[in-house]
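Before anything else, here is the set of structures, which you'll find just below.
Both complexes below contain chain A, partnered by chain B and then by chain C.
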Partner chain A sequence: MKPFTFTLRQEPPQRVDLSALTPDRLAGKSVAQIEAIELGVTRISTKVGDLFKISEGDLKTVRYEGGSSRFDLLGAKLLPGFAIHVEGDVGAQCGRLAKGGRITVAGNAGPHAASGNLGAEMEIKGDVGDFLAGPLAGELAGMAGGRVVVRGKAGERAGDRLRRGILVIEGDAGEDLGARVIAGTILVLGEAKGRIGYLNKRGSIVLARGGCFGSTYVDCGAHELTFARLFARSLRDHSAPAADLLSRKLRRYGGDTAVYGKGEILTAD
Partner chain B sequence: MPDIIRNGVTIDDNFAEAFPMSGTGILITAPNAKWARQAALTMTGFATSVIGCGCEAGIDREVPPEETPDGRPGVRALLFAMSSKDAEKQLVNRLGQCVLTCPGSAVYSTVAGEFEIKVGDAVRQFGDKWQMSKVVDDRRYWRVPVMDGEFFCEGKVGLTKKSVGGGNLLIMGADWDKTMRATEAAVSAIDGVADAIAPFPGGIVRSGSKVGSKYKGMSASTNDAYCPTLRGVTKSELDADIGCVLEIVIDGLTDNAVREAMRAGLHAIIEMGPEQGAKRVGAGNYGGKLGPFHYHLKELLP
Partner chain C sequence: METATLDGKAIALGDAYKHAAKILSGAAFPLVAGLGADVAGARAAILLAERLKGAFDHLASRETLADIDVKRSFGMFTTTANEARLRGDCVVLIGPGLTRAWPGMLERLALAEPPRRGAQAQQPRKVIWVGPEGEEANAVPGAKVIPASVQELSGVLAAWRARFGGRPVALGAEKVALIDDLVERLRNARFGVFVWSASTLDPLAIEMMQGLVIELNATTRFTGVHIGGRSGASGVTQAAGWMTGFPPRTGFGRGYPEHDPWRFEATRLVDSGEADAALWISAFDDEKPAWSRADIPLITLAPAHTSPSRGLFIKVGQPGVTHDAVLMSQETGGMTLRKASAPTDAPSVAQAIGAIMAEVSEGAWR
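After this line comes the complex of A and B, so read on.
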């Protein structure tokens, strides 16, 4: 069945909050009602009807034909069983606090993508901004479940305060990758710049390229890890290069010993 | 009642009486098949009968690397007990003493049951706070550092109360060699049936028991009606041509698994015939009033 589709008419004149356009919140509404939903975040009104042409379909899948870096909070609090696809870019906080389901973005995503994600599968084919999967200011934990695959680059502080779940960054990662990680797993297939795993508690950061991780990460030798084999199988369909990385012998650096120190950085040996 | 004869083998018009049990199990993998099997053998050792061992356990099948979660060779071991509490206690103890200790091993859930037993969530404490948890595809696993690397163990495994224990075949032949030949053929046929195990040594028990004893406090004693050396002096079930009786006891995760295992065993015995193997096949029961599952031999014939 064809998806419920929003076709972009024009670039939004201001940032828009798309959290109202998840499948569960659209259910039971007529096209006229949906077109009247206010998306603007300033005193100037921007309604769904101003931006999109709607063609009705199965609400299990919502599709955006055309995106914009002004599309904020797309797929926020998405529920399991639903899917959203964007043929274009998205703005800040894409998939914020999503409980499940699947979000795919064909273009780039802004900052705080997958922030506080609780279980959604997300795929971003382009680059993402800073604080991928990180918490908003004042929150104690970042992403707490689900899986996010970024085909391009990630900005600074990707995986900040990650608590649970898997982040795969196929391109490069910016400064302070995996800062303050509580637990969970981050894989970077490109280059990771600057300080890595700062104050990491129990998380695993897997890097295709090694480097110097500072004096608070301690070399624990290269090992064949059974858990990595299981991860590799689980990731094979989502990111073949990530699965290949996990299938290799991995050198383990224990840390960050400046804090709890039960985490690790694993690099291809 | 006329005897049922198939390929020269007499089949008693009798039935096996079986009981509900709690069944669980684990998939053990290791860097090679030898050590996966060793872990499973150790874990299922001293697990022939719930009466003295607390549980009945055995190897269901070897699992090829393509089918295991981590791509290493595996063995599926099943464990049955009279209550879910007993099953949990036995599995956790055996996992901790026999599988955790076995070089290279990893443990995964392999039974889809209505309940879950915490196994990794108990064994993880061996890690003395160095253990790490990983959640993959909504299932929690534990990485416990050990001297050969890491012991990797799923947090919870399934348990079902729909299991059945006590399916059985009594194989009777002219002498030990022939009876054993038929019984071994039956055991290897039963090995091919999924979700069922034969928990006794090599799948075979030679000391079948009856309920009660002449001694006070003994709940079970030798099944004298099937002892060939007592044929003349007791109320024997054996004719003059029977010199040896062996039994196969079968536990399965489902009623159907036990039935199919009994069918496979029976067919293998009949196929061998009385010249090479067994002359007669029977089944044990307690009159049909104790166990809710009855497996009539005549319904399992080829």
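After this line comes the complex of A and C, so read on.
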């Protein structure tokens, strides 16, 4: 059955909050009711009908024909079993606190993509902004489950306070990759700039190219890790280059010894 | 010079207030930025932002939020400068430019004198300065100076914390011995104090340092003194806190305060075109906005000696100079009244905004 589709009429004049447009929250509403939902976050009203042409379909899958860097909170609190596809860009906090399901974005995503993700599978074909999977201001933990694959570049502080789950960045990563990581895995296939893994407690950061780890990462030698190869097999369908990286001999740096020392940075040897 | 100008040409003050109200009421999402003001000015500005359903940001928010981020997502030990002066037997100054960020620091902390209270009273104060700049290295007689660039500070703190916990670092034996010696001094302090400014220390490094403070507190007492941002940042943040529950970078677009350090950052709001009118307040020193768009309708409240060639300009007095002002004091860690040293009859920020507010009718934009 064809997906429930929102076709973009025009770029919104202001940021909009799309958290109301997840499948479970649309269920049982008529097209007229949906068109009347308020999306605006400023004193200028922006309703669904002002921005989108709706064509009804199976609510299991919601499709956006056209995106915008002003689409905030798209797919927030998404539930397992549902899917959202965006043929375009999204704004801040895409997939925020998603419990499950699948979100694919054909364009770029703004800051705090996958923030607090609890189990959703996300794929972003373009670049993402700062704080990928990170907590919002004042929160204690970042992403706690799920898998996020970014085909392009990531901004600063990717994987901040990651608690569980897998982050794959196929392009470059900005400054302070994997800062304050509690646990979980981050793989970067491009270059990682600046400080890496500062205050990392128990997380694994895997880098295709070396980087700057500082004195609180201690060289533990090169290893053929059985678990990494098993892990590679499970990642093969989602990111072949990441799977290739994990299949190689990896040099392990233990750290950040400033905090706990149970984390690690693995680099292709 | 004129007290109010429009595009460089003199305009009557009353007309200027009316014109400012018209610009701000007509905007879809107006911004109150700069916010370099005393507490009364900040209160008026935040009320105006709320009335207009706009957003507000302070010009030193980056620094203020670096400290607040650690405080709210990790925790922070702090004390007042006076407590540090009275009891601090081991004072660790971190980073360059602390005397620039707080010109009265050396005098207030009395680093050359022994502490007067506590277990180490009348014993010489141990002072350590990591990465001082220029003359700061000689500013405190007998201080141990550890040279480090701004980029190296976070690594230095990390290495200290690793060695404090007895964990390994990837450094030569000689360096490790130096760090171990220093860490021993911290451990033996009876009332230790870190002093830093977020203008040179990023939030992650502050978190690293505060983590070390927590660990030191298992066996001794250790705390911190943070140096607040410029242009009244600490006082404005306090006012924002009691008025909205949030620090600057807060918006009222939906009729209630929402705090988002990314969404409501003034420079981003202007450069992205989301904010379509701005009120810029810089009453202390006439600092200019950092955004690059020159076409945004702009109202400037500043004590400028030359009026800007573009936009509406209203001359206001300087807090604590031309007007009595309540300001957050770095010296005492509390609000203090600073009496005007050279009073004039120019309007204060609060008076100017009050006059603009009087011209903004409730719901006029609907």
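Please note the rule applied: the second predicted complex is superposed on the first by the 268 of 269 C-alpha atoms of A that agree within 3 Å, B and C clash if a C-alpha of one lies under 4 Å from a C-alpha of the other, contacts with A are read in each partner's own complex, and residues count from 1 in each chain.
Definition applied: contacts are C-beta pairs under 8 Å (C-beta built on N, C-alpha and C of every residue); 3 or more make two chains touch, one makes a residue touch a chain.
Keep in mind that what you see is a predicted model, and the values were worked out from it rather than measured.
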### Task
Check chain A with both chain B and chain C modelled on it and let me know: fit or clash.
fit
### Query
Hey, in the superposed model, what angle do you get at chain A between chain B and chain C, Cα centres, nearest 10 degrees?
130
### Message
Contacts for A:Gly165 in the overlay, against chain B (first) and chain C (second): which applies, first, second, both or neither?
### Response
first
### Task
Tell me which partner A:Pro13 touches in the superposition: chain B (first), chain C (second), both or neither.
second
### Query
After superposition on the shared chain, which partner residues are touched by A:Asp219: those of chain B (first), chain C (second), both, or neither?
second
### Query
If you stack the two complexes on chain A, which partner ends up touching A:Met1: first (chain B), second (chain C), both, or neither?
neither
### Message
Output check: A:Ala32 vs chain B and chain C. Expected answer is one of first, second, both, neither. What do you get?
### Response
neither
### Task
Mind working out whether A:Glu139 is in touch with chain B, chain C, both or neither, as first, second, both or neither?
second
#### Entry: Superposed model, chain A: greater residue contact from chain B or chain C
C
### Task
Once the two structures sit on chain A together, report how near the CA atoms of chain B get to those of chain C, whole Å.
14
### Message
Per the definitions at the top, what is the overlap between the chain A residues touching chain B and those touching chain C?
### Response
none
### Query
Which of the residues in chain A come into contact with chain C in the complex?
13-15, 40-44, 70, 72, 92, 111-112, 130, 135-140, 161, 176, 179-180, 195, 198-199, 214-219, 256-259, 261
#### Entry: Parts of chain A lying in touch with chain B, wherever the complex brings them together
145, 164-166, 183, 185, 202, 204, 223-227, 229-234, 262, 264
## Note on the structure
Interface with chain A, chain B side, in the complex: residues 29, 69-72, 106, 129-130, 132-137, 141, 143, 149-150, 152
### Task
Over in the complex, which chain C residues touch chain A? Could you list them?
28-29, 53, 65, 69, 72-73, 154-155, 157-159, 161-162, 165, 167-171, 204, 207-208, 211, 251, 253-254, 258-263, 274, 365
